[in-house]
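Taking it in order: structure first as structure tokens, then the write-up.
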Amino acid sequence: MNPKSAIFSQYLSDYEMEKITSDEKFIRRVLEFEIALAKEQSYLDIIPKKASEEIGRVLAELTISPEDLRQGTLLNGVPILPLLELVKEKLSTESRTYLHFGATSQDAMDTAMVLMLREALGVINERLTTLEDNLSQLRKKYGDTPCMARTRGQLAIPITFGHKIDAWLEPLKRHETRLTTISKGALKIQLGGAAGNRAEYHEKGETLSNALASALQLSGGSSWHAQRDSLCELTNWLAIISSILGKMGADISVLSQSEINEVTENAEGGGKSSAMPHKNNTILSEALVALAKLNAGLQSQMLLCLIHTNERDATAWILEWSCVPQMLINTATSLGHAIAISKKVRVHTDNMRLNVERFKNQG
Amino acid sequence: MNPKSAIFSQYLSDYEMEKITSDEKFIRRVLEFEIALAKEQSYLDIIPKKASEEIGRVLAELTISPEDLRQGTLLNGVPILPLLELVKEKLSTESRTYLHFGATSQDAMDTAMVLMLREALGVINERLTTLEDNLSQLRKKYGDTPCMARTRGQLAIPITFGHKIDAWLEPLKRHETRLTTISKGALKIQLGGAAGNRAEYHEKGETLSNALASALQLSGGSSWHAQRDSLCELTNWLAIISSILGKMGADISVLSQSEINEVTENAEGGGKSSAMPHKNNTILSEALVALAKLNAGLQSQMLLCLIHTNERDATAWILEWSCVPQMLINTATSLGHAIAISKKVRVHTDNMRLNVERFKNQG
Amino acid sequence: MNPKSAIFSQYLSDYEMEKITSDEKFIRRVLEFEIALAKEQSYLDIIPKKASEEIGRVLAELTISPEDLRQGTLLNGVPILPLLELVKEKLSTESRTYLHFGATSQDAMDTAMVLMLREALGVINERLTTLEDNLSQLRKKYGDTPCMARTRGQLAIPITFGHKIDAWLEPLKRHETRLTTISKGALKIQLGGAAGNRAEYHEKGETLSNALASALQLSGGSSWHAQRDSLCELTNWLAIISSILGKMGADISVLSQSEINEVTENAEGGGKSSAMPHKNNTILSEALVALAKLNAGLQSQMLLCLIHTNERDATAWILEWSCVPQMLINTATSLGHAIAISKKVRVHTDNMRLNVERFKNQG
Amino acid sequence: MNPKSAIFSQYLSDYEMEKITSDEKFIRRVLEFEIALAKEQSYLDIIPKKASEEIGRVLAELTISPEDLRQGTLLNGVPILPLLELVKEKLSTESRTYLHFGATSQDAMDTAMVLMLREALGVINERLTTLEDNLSQLRKKYGDTPCMARTRGQLAIPITFGHKIDAWLEPLKRHETRLTTISKGALKIQLGGAAGNRAEYHEKGETLSNALASALQLSGGSSWHAQRDSLCELTNWLAIISSILGKMGADISVLSQSEINEVTENAEGGGKSSAMPHKNNTILSEALVALAKLNAGLQSQMLLCLIHTNERDATAWILEWSCVPQMLINTATSLGHAIAISKKVRVHTDNMRLNVERFKNQG
């Protein structure tokens, strides 16, 4: 599918996450950054209060079309310069100088990304909780049902279906817990100026950065222009979530095999074939496996981003722009599908029992 | 960037290739497949001529909205079933049975992908030729200019700028030559029926498949539902092209470093910084390096697609839907940028000579 | 290089880590596991005290040659079965039944891996501390030296060399801190029996597992046969460390470019060329970049391991056997090289200052 | 496993390929290169005949221990300089100057790699032919046996076992055919001198290079120091072979599932479990899948190698040293296992037929 495909936009993408990672939201977040920057700068007497007020007023109401940044982005390699030019047209001559004062494009880009991540993680965490709840309920209902363990593809010994669910639920819970710390590390204000040392703000740099962090409700600390480790820790978390769900998908697919038939992915129907109407394909489970592979590959790219040469390295930075939103979309899509499975799955407890009996009689 | 970003759609994507890989084109190609299938089937008396004519007439004028396939794709894991349902609504009861007769979703999906690839490779090959021409002209103009070789980052010995250009041009030419054979292998009709053995057509399967191949101007042969090797050879070709251009981008970036300054990527300006107006960033070259890394990662996914279990394995197949169009877009974008560089680059022959002189005097 | 290469064993591998990940150590750790298992089982009256004592005595002194496991590993896909057969030959008939009692191969394999990881992380953490100390001292000495920032390959504005060092040191410190939690999660006893639910031990399973964990000084909890998330979190940590060092290597290489010459990687010489004796190649820094790329690729494989189907999936599990030791070796090698750089690097403060002056005069 | 593991050396490595990629062979090939270089140079009056003769005589009998290159490789980043120093000790003062005359380390390294590849591809091609023969015989024997197709994990329609075998055999044959062209492109002499333009040989460069190519029975043409495309095409071929075998392994594993039981991987036994003696694990098939994933990941690294900056870039080059031998080993191991399967597999035609009957009765 073309990445802009509407056809696959529910199956291999996620509407809510596409919106969160959209151009419109990005532009809005950059403007938010600039408004907050000006406001905090006026409090610290770095720029005049009047300029800050005008910037706040004008930018709050401004709408900029993504299409208008297309050409400028091609020319500059980042959309901030063309965006600021459009903004400046709406400002008085006096205030123009004070827009984006002392900041660099990366400050705006990275902070906008962090704000995106925060919103995205909100959704992801919510879905994670829903999924855990659903799986817990499934466990309550079917946890004690005896079923066969299969190791290396072969029937092993009887276990319970609860043990299978645990292999999905326990890792999810562990990583839900980890998110708080990881978020705190990654959701960090970026304000470094041209080379990351906030030289433009002289002795006020740290104070300004912390004030801005506080205003935007982000973590503070030194700038991280060329330090992408916390971001990469977060994306690995996303990839781990996808892979846990990939395991869940792989399990459901095996349990749904015609010869095993212990589970039907979608009790409401679905998974039909144009040539074979008798089939009951595990549509969502297969997507879970595929999305897990995609995120696994993307994390490898994110680790390459850490090899960020000098004080700014676009050959690494650009990769993040592609990979981070895609990983968010993949993870959110997977969670959405896993929730759907957890709601619509039919567990054939009779077949589970039957397969256990057969095994015992064979032995 | 969100994959649907307009902001980055010129810098990190390509309008022409997005169009070729679009939903609208996909739907059109599936309809083309169904029309041709019906036509050849009527010639072989597999379906009635009347049905074939109606199918040809109705489908030729039919427009289906991608949005209308969204829900059905989620439900079935492929868009063919919902698409055919919409088509059938427009057909007489008699003809409905003969639409997509004996074919499976994968036949339509894969053939549509192959038709997309053919169109895309046309554009890519054209750009490749343009780029080679431009680089040849650059070589004619500056080929004899002495400049320094740099090995492992260190000044080595004087060479010519022609030798540097050759490191981009020679591999491109080699791979341009390879494309004919690779295309022939990959641009192959897919017609296998439910399980790939064309059982639905009895003894007429091979004849039908070859006739259909001929009608759509594709290669013939046995079906390749679960044999994805030729496709993977083609995507590796795409990744190699990107990586050759990645090397070109890396070279241009080094030659443009402030301390070296032997080349300016864009003599017409561009590459400005919001914080440092004196800079002359190598915007396009950096994108070349980043896109090469992305395609390198995607080829790894394509090789995973070859591990296609049984007669159809969506956990592998789905990956192709994401990766193939993205690799085409990345490659076309890279070629577009490389062509732009080949046209707009300024070669500072004086600085090249100066650096050679300095080196000789040091020695 | 062949993975068994001696030629490259100091440049692209690490003697200490090769030893820790060696066959001999692996066999030793499996025996340790079996000894501890028998001992705890005898305390809990699962096996006779006499058998436990014999197992403890015999296995403590037993030496098994890796070569003797070669054929059996090929036949069984894991070395535990052939290893246990060799062990049993040394035991009395009565005690044989009680060796590896109720355990499965994976219990021994995974616990041995965890013990390997613990030893390896000890070395890695020690090197990390040494590196941080050295970089801190370098910072003390040269932190205030003015030097040029370079963004997107271009001269940006003056910063200090301390700011550059911080981009290596701060992420390292952050991740040193993370190691405690990550280790605790990953260094976990594995005792699940045939299918992971400890059915073989009936109601004593949990107690036994916790006792064994305590005896081997590992974390306890439920078995993780098919839950590989904590391991994958740990390997991502390794990959992040490599990538941080990859950035350090990339920076040193740029600063050592002939035209910049602000740093010499190895003040004691080294980095010579067979054709160009004037060169001063950044041998170790380049290895840092290469090793970072390798680990980035391997982490992608580790994430695939999480898609661990059913109760045991060798198509995923096998990958860990290759990737985990290799990632440990790559990380330890990188740390060794980075320490060597931190000790041998010569910082040309005069050139740094000169480059800043030149920039100011240009401006 | 540690990469030097003996335990896993038959299961996840290959003795014959380890030998071909060994240090000893590498040293021998470098010496061969130097002997041939001197000989051709003497024919072209570039060096004295006497020197050439001494070099030929001395190097032919010389044995150098890999261990003696360890330290020098760490110091220089390539083993050629320390190797040549050891060689020079054995030469007369007059001849020393003429050893490796005008060549650079990369010339020796790359040519040695190409000679390794040639030998390795000989073995691989031979195994490929054997495998194809065995599969053809299997097809002759069982090709017409009816069995069930399974698409998306679900029973589809009856096909023949021949159709399944074709999905392995046809791609293998296609790629066997491709090898001739690919080899010709990749097995190319490397002689470029310090910067790849053979400046050291003045007008005799091309003649010398072609003569050397002819002497070593390699392809000729311009040097490819920074042009790694043909190599990368070859490694993708290796990865494709692995992935085709990965599909074969995945298929065998499914067909061997307890519930399907249409195939036993190893009729001679094997695949036992320490906890469950009733099992019949598909030991080799699982390795095929795992090795395919590993090679898929490595090809991504090889594509990164193409981004080879300037006239020599060790951050890219080093990767090849790790990845190329590993990919050869993985591919040869896979082929060995696939051959073993093709010989030892038991096809349960009765169960295949039974499963088809069951399906028909259900329908």
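Letters A, B, C and D mark the chains as written, and numbering starts fresh at 1 in each.
Note that in this section a contact is a pair of C-beta atoms (placed from the backbone, for glycine too) under 8 Å apart; a residue touches a chain by one contact, two chains touch by 3 or more.
As the structure is a computational prediction, the values presented were derived from the model and not from experiment.
The most distant chain from chain B, with centres taken as the mean of CA atoms, is C.
Looking at B-D and A-D side by side, the one with more C-beta contacts is B-D. The mean-CA centres of chain B and chain D are about 28 angstrom from one another, to the nearest whole unit. One inter-chain figure worth recording: chain A and chain D are separated by 39 Å, centre to centre, where each centre is the mean of the chain's CA atoms. In chain A, the residues touching two or more other chains are 77, 150-153, 156-157, 194, 250, 253-254, 271, 273, 276, 281, 286, 289, 293, 297, 300-301, 304, 314. Interface of chain C with chain D (complex): residues 1-13, 18, 21-23, 26, 66-67, 69-71, 73-81, 84, 100, 103-105, 193-194, 200, 249-250, 253, 269-276, 281, 283, 286-287, 289-290, 293-294, 297-298, 300-301, 304, 314-316, 318-319, 321-322, 325-326, 329.
Contact residues on chain A toward chain C in their complex (touch as defined above): 77, 149-153, 156-160, 163-164, 166-167, 170-171, 174-175, 178, 185, 194-197, 199, 222, 226-227, 229-230, 232-233, 236, 239-240, 243-244, 246-247, 250-251, 254, 289, 292-293, 295-297, 299-301, 303-304, 306-314.
Interface residues of chain B, counted against chain C in their complex, comprise 150-157, 253-254, 256-260, 271, 273, 276, 278-282, 286, 297, 300, 355, 362-363.
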